[in-house]
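Below is the structure I would like to discuss, written out as structure tokens.
Letters A, B, C and D name the chains as they come in the text, with residue numbers starting at 1 for each one.
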Amino acid sequence: MNTSGPVALQLEQVRKSFGPVVALRSGSLTVHSGSIHALVGENGAGKSTLVKIIAGLYQRDGGEFLLHGKSVDFSSTAASKDAGIAVIYQEPTLFPDLSVTENLFMGRQPLGAGRRIDRKAMHAEARSLFKRLGVNLDPRRLAEGLSIADQQIIEIAKAISLDASVLIMDEPTAALSGVEVDRLFAVARSLRDEGRALVFISHRFEEVFALCDMVTVMRDGEYISTDPIAETTSAQIVAKMVGREVSDLFPKTPASIGAPVLQVSNLERAGVFHDVSFEVRSGEIVALAGLVGAGRSEIARAVFGVDPYDSGTVVLGGTKVPARNPRAAIRLGMGFVPEDRRQQGLVVDASVAHNVAAVIRGKLAKLGLITRAAENRAAGPWSGRLEVKTNALSMNAATMSGGNQQKVVIAKWLATDPKLLIIDEPTRGIDVGTKSEVHRLISELAGQGMAILMISSELPEVLGMADRVLVVNEGRITADIDRADATPESVMTAATNAGASA
Amino acid sequence: MTDTLVAPSRKSSAQRFVSTLLTSRESAIALVLVLVVLAATTQRKTFLFSSDSWRDLLLAPSILLLLAVGQAVVIITRNVDLSVGSTLALTAYLTGRLFVDNPGIPVILVFAIGIAVGALLGLINGLLVALGKVPALVITLGTLYIYRGVVLEWAGSNRINASDMPSGFLSLGTRSFLTIPVLTIIAVAVLVAVGYYLRTTRGGRELYAIGSDPDAAHLYGLNVRRRVAGAFVLCGALAGLAGVLFAARYGTVASNAGTGIELQAVGAAVIGGVAIFGGSGSVWGAAIGAWLLITINRALPIIGVQDFWQQAVVGVLIIGAIVLDRLLAVRRSRKLIEARDAS
Amino acid sequence: GGGSDSDGGGSGSDGKSVSVTFLPKNLGNPYFDTSDKGGKAAVKEFGGKFAEVGPQEASPDAQVPFINTAAQQGVNALVVSANDPKAIGDALDEAREAGTKVVTFDSDVEPQFRDLFINQASAEGIAKVQVKMIAEQIGDKGQVAILSAAANATNQNTWIDLMKKDLAANHPDIEVVDTVYGNDDDQTSFDKTSALLQKYPNLKGIISPTTVGVAAAARYVSDSDFKGKVKVTGLGTPNQMREYVKNGTVDAFALWNPEDLGYLAAFAAKALVDGDITGKEGDKFTAGKLGDYTVGKDATVLLGDPFEFNKDNIGDFDF
Amino acid sequence: MTITTDPATTATRTYASYAKPLWQRVIATREFAVIALLLIVFFYSRSEVPAFDGPLTVYYLLLDLAPILLIALPMTLIIITGEIDLSVASTVGLSSVLVGDLHQHGWSIPSAAIAAIVVGILCGAFNGFLVAYVGLPSLAVTIGTLALYRGLAVGILGTTAVTDFPEKWTDLAKERIGDSSYPVIIIPFLVLAIFFVLLLHFTSFGRGVFDIGLNDEAAHFSGVNVARTKFLLFVMAGAVSAFAGVYFTLRFGSARGDNATGMELRVIAAVLLGGVSIFGGRGALHGVIAGVLLIGVISSALRLEDVTDNIINIIIGLLLVISVMSTSFLSVVTRATTGIKKRGGSRPDERQQLASAHTEGKNE
């Protein structure tokens, strides 16, 4: 590996908590100029939080933060930008109403005579940036409606064009195809060779090993280790990430698989997914695997009815589920734990009781009237069953940790006694302990004859939990793999190259 | 995902200019305006071809135009300012009082004071909105009452009469320069300046960015608070200027001047294609929208519609405008999806 | 604002200090400022309590709460210029039940709702003088239009009807082409004038029997091409009309003296409160410097004939 | 299936229902603050303002406030869903004009009133359709219909007015209950108030209204029919406004196109003053009713002091600004203490404390 320069970025035992949620216990990271540093860890390990602290978006509660040896304290993202730090955030943040070019140069547009923006120069620069990244986007196009991938590319271009001394990329490749990833890597390497310091966050080990010089592992908001890539293996890294052997993470109890509960045929939605057909049987856990942006959530959402679809049919327990009508789906016995807990799963500003009773409250009503007391009576036992950690049912869901919030969402749906439970990213951003609890719960439910449709971006989770793996690639199901022959390789190939057959 | 969804446009800048000109919302509204004028003129040709009515055609909209421009800037940042009507009343009455209390005060100074006071009132709105993190609708609803109350209390039942103000100042309201009324020239000059600022300066573009996605703007490191406050100051200043011109044009200022004009200003902006949720639209559109509102008001009686139906027509225009926007947006996103599938 | 030199009274009619509240059609109207000034002077003269309250815009529903308040305060007398002959009737009745004497001036309500009406000038007199003026100014022939206040302002409509009759009868060559309403709002009246001149290119004259309207019309005409071509006349106050009379836009206009009107109304109110008069025909009372008045039929008192202002005499007045 | 059928048996943990004792949940709320302020102002006026303690005060107070009280009910629900309806006052005007016009054409008052209310429902449905189903921003839509409905009202009657309503009906509008000082109009108000309180605070529909305001996406995901809920609320607003219009007409015995102009702002001011968050998701009807009464009491007390509406407007405006600033000030404090800071936007910050206030401090 190449000889890396002086320390560019150094964090020591940085702490950050959001109310009761401790996102970061002691985050440490030391990055040298002229090197690419990998930061890995499970969902919710605290990577993004660390990034946001470096970016000046969050202020750390404690710990050291040195930039080029000097202790710094950024009050805003503008401050970190000025200090030469460029960040690609996990979620693309663009201005939909503005052109791609304006998104790139907002606030630092090239100025011509009389401090007036020089659009020609701006567009030219944008074009050259895109050339360097090897994409051809129309610089004049509005950002609105760009695919996740293209949004991500613009974020990358934005960060590169800042020509910063420290470049941080939080899962930039999550939505990118192989070609794009290769180009990105080429650019990253050239930046490294110019002597810049890069931080690269990804859940894909092959990328980490292909690109990075050093790797730092985080778990539960804590620093675990830093090693040169050359001297470690993915097995070691995984072990450090989860703190135990992968196998015992997923206590899947074998369940007797019964009759089909959900039958989806030829589901189609222009621009999102195409000709999707599959079925889920009682007691069966079916996983939808694939890259972020593949369209898995959209499929699930369409099945449940919160999203529309153009054609195709969804049948639950023998009856056809009307399109675009979640109420009907719920009545027929469907439950849906969405991927974005804070936005879709919960009303975070309402009480635990309110959330747990949210779907069944219709049934709680006497003479059409319901009381807070009735909600509490119904909510208590379910919260207890899932061991939700809160001191009172009137507490705001917002005050709970990600894991507990997830439990509340699951409790909410279990309360409806569903035949089929769809769970999108069941363990995204929840700590290791809760994680295995959730897994145990899922397989327990399957064991009791519930049909489970699970979406997950985490391969170990998919392989550990699923009886069957359906791989989604660009909105098409490209493979239907049985538990027996589901391997990381088989799933990944199907997920990446569309060539694979269903 | 495929590595590209949209090919760069091969259009020359000239082509692009023409196509935007043809497809832009501004020109659509302008077309409607022309049609209205034509319709009225065919009914009675004096609507256009008599020096007075030509003057009124240009003069009548100029005050609302100023308010609409200011309003547009605020709306672009995903806010709204309902207090402009009260601000106008305050500065209009202030103008009168200045002349009454200090005879011989230079007109230019009166303009400066009027604009400054307007800006100050705007600043109050801006600070409350930006620092208090309270939605503009509520704050400016409150200041609408407060500012109006202040002027009502201050003016009481005495009003400024034409005779209280120097004829030199009053004639501003009616004098023309090369058949273009002075008021109109002032309004258009302001329009051009603001339009230029929004289009070609960093500050201007940041206003659009903030309106387009405030969270992203914050994440990006833009100084959201300062910009938003600035937008309110500009809006207030223009309302102040409008107040001074109001005094010049109508010669008489009572405490109820400009009551309810704030909704007209918002309406003009919306008709002109300024999205109520910020991020898009232009002051040009807002200006034409204002012009259209006023001209329709004047044209209806001539076309033979009793002029008190005017408000209903305005309502239809506003709703038509936003529905139209929605349809266009839907069509655009459908196109984009097709583009994605095609690739 | 509404001069609050009254503590709100509350003490019923105790001869000593009579509390009188003036309620004009709306505040911010110089005509009523003047009449209320007269009223205030009168009340001071007989040592009563004066208050002036009123709505911002001249609509009956806006006037009602003020009448209610007067009733609550138990003021001795309420002097009203009605925005509607009937709509405020019930409120007035309630006030009278509460022991408040109701005097209307300038614009009347239906007789059963009030104790007394102070008539600024007989409708006939007003109509006649305006017709006379416009006839002289436009050479007794051509198109004229009328710019009125609110379309349901009683007095305005009576005058307009009488004027039309008079014109039809005695001035056949004068044609009334249109009647528009400025709602006693300066800006509206101004814009309505411009619309009128649009609509009737060869209009000869505009009659506006309301002070706000005539001033607005005069101002529009005075700096348009129509100056001199279109004559403006009607009922106006000297202060508002002075410059247009000077610059020749207006030859002459008419009005009674609103100050006297308010003054008379206040004294009439006192007479009612003190029980000197009851409002029946023939009752007599003395109104300070204005001298003696007699109540006419259906409880009206006539101030006198309208007065014609022109550039020779306008200098003598300041209201 | 132990988990799904009978959680109780397997429940390993039990919970207290509330984090705070009842009295705290009742006292420490915006609503209670408004009610307290109302009582203070009321009793102060009784002792200090001449003639305020007179028998007529409460009577006139309620007569004047009735339309605002009525319209504030549905408006509260609409604002809690995060929408707004600026067209209510125009609907009042339109219904007033219809009653007048139809009466002129020989309709009986009741039939004219029913027709007017039907039209009001249509007005509301038009708003609701554009907002809920076409998905347009309610602010823009109702600014449009504000002009449209007002325009129709003014257009139908022009600047003329209808005033010759039969005594029997105009008197009914001002009728007292027995010889109390309460006008009969408060009976329909109380009926509607009870209806809306139950609807908002004690039904699944009402829970949905709050969910939509707090997070409409999550509401959608848990089966709340967001569009239909919003649509119905706008329809209710239309109907109630039209009814208020009928009352307004009879109470003043005059149907004019410009009746109740600008009342929408007074209604909204009162609702916000009553502690409803303009962001939606938080508020309670008892607070709103107190808010309306507070404005009414202040106005009538000041009017008795011969203070003109100007001062009254200034005070209302200040109250409004201060009341909303106070919430956001509190939110700044809570943020400082809890440190919860979501990206940029004021909403999340606002939400944090709004919601905690809302979930803890709802009438039980």
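One rule holds in what follows: a residue touches a chain if its C-beta (ideal position, glycine included) is under 8 Å from a C-beta of that chain, and two chains touch if they have at least 3 such contacts.
The chain list, named the UniProt way, goes like this: A = D-xylose ABC transporter ATP-binding protein; B = Autoinducer 2 import system permease protein LsrC; D = Autoinducer 2 import system permease protein LsrD.
Here the structure is a predicted model, which is why all the values come from computation and not from measurement.
Contact with subunit A and subunit C alike is made by B, D. When the interfaces A-D and A-B are ranked by how many C-beta pairs touch across them, A-D comes first. Across the assembly, the mean Cα position most removed from that of subunit C is the one of A. If you average the CA atoms of subunit B and of subunit C, the two centres end up 38 Å from each other. The distance from the centre of subunit A to the centre of subunit B, each centre being the mean of the chain's C-alpha atoms, comes to 44 Å.
In this assembly, the C-alpha centroid of subunit B lies 30 Å from the C-alpha centroid of subunit D. Each of the following residues of subunit B touches two or more other chains: 152-153, 215-219, 255, 259.
Those residues of subunit D in touch with two or more other chains are numbered 158-159, 308-311, 343.
Taken residue by residue, subunit A touches two or more other chains at 57, 93, whereas all remaining positions touch fewer.
Listed by label, the pairs of touching chains are A-B, A-D, B-C, B-D, C-D.
Across the interface of their complex, subunit D is touched by residues 80, 82, 128, 132-135, 137-139, 141-146, 148-150, 152-153, 214-219, 224, 255, 259-260, 263, 266-267, 270, 276-277, 306, 308-316, 318-319, 322-323, 326 of subunit B. By the touch criterion stated above, subunit B contacts subunit C in their complex at residues 44, 46-47, 50-53, 56, 60, 152-153, 155-159, 161-163, 171, 174, 250-252, 254-257, 259, 298, 301-302, 307. Listing the residues of subunit C that touch subunit B in their complex gives 1-2, 27-30, 32-33, 52, 54, 56-57, 185-187, 190-191, 194-195, 197-199, 201, 215-216, 219, 223-226, 239-240, 242-243. Residues of subunit A touching subunit D in their complex: 17-19, 57-58, 61, 93, 306, 326-327, 329-330, 336, 338, 343-351, 353-354, 358-359, 361-362, 364-365, 368-373, 376, 380-385, 387-388, 390-396, 398-399, 412, 414-415, 417-418, 444-445, 448-450. The touching residues of subunit A, when paired with subunit B in their complex, are 56-57, 76-81, 89, 93-98, 102, 106-109, 111, 115-117, 127, 134-141, 144-150, 175-177, 179-180, 270-272, 293, 474.
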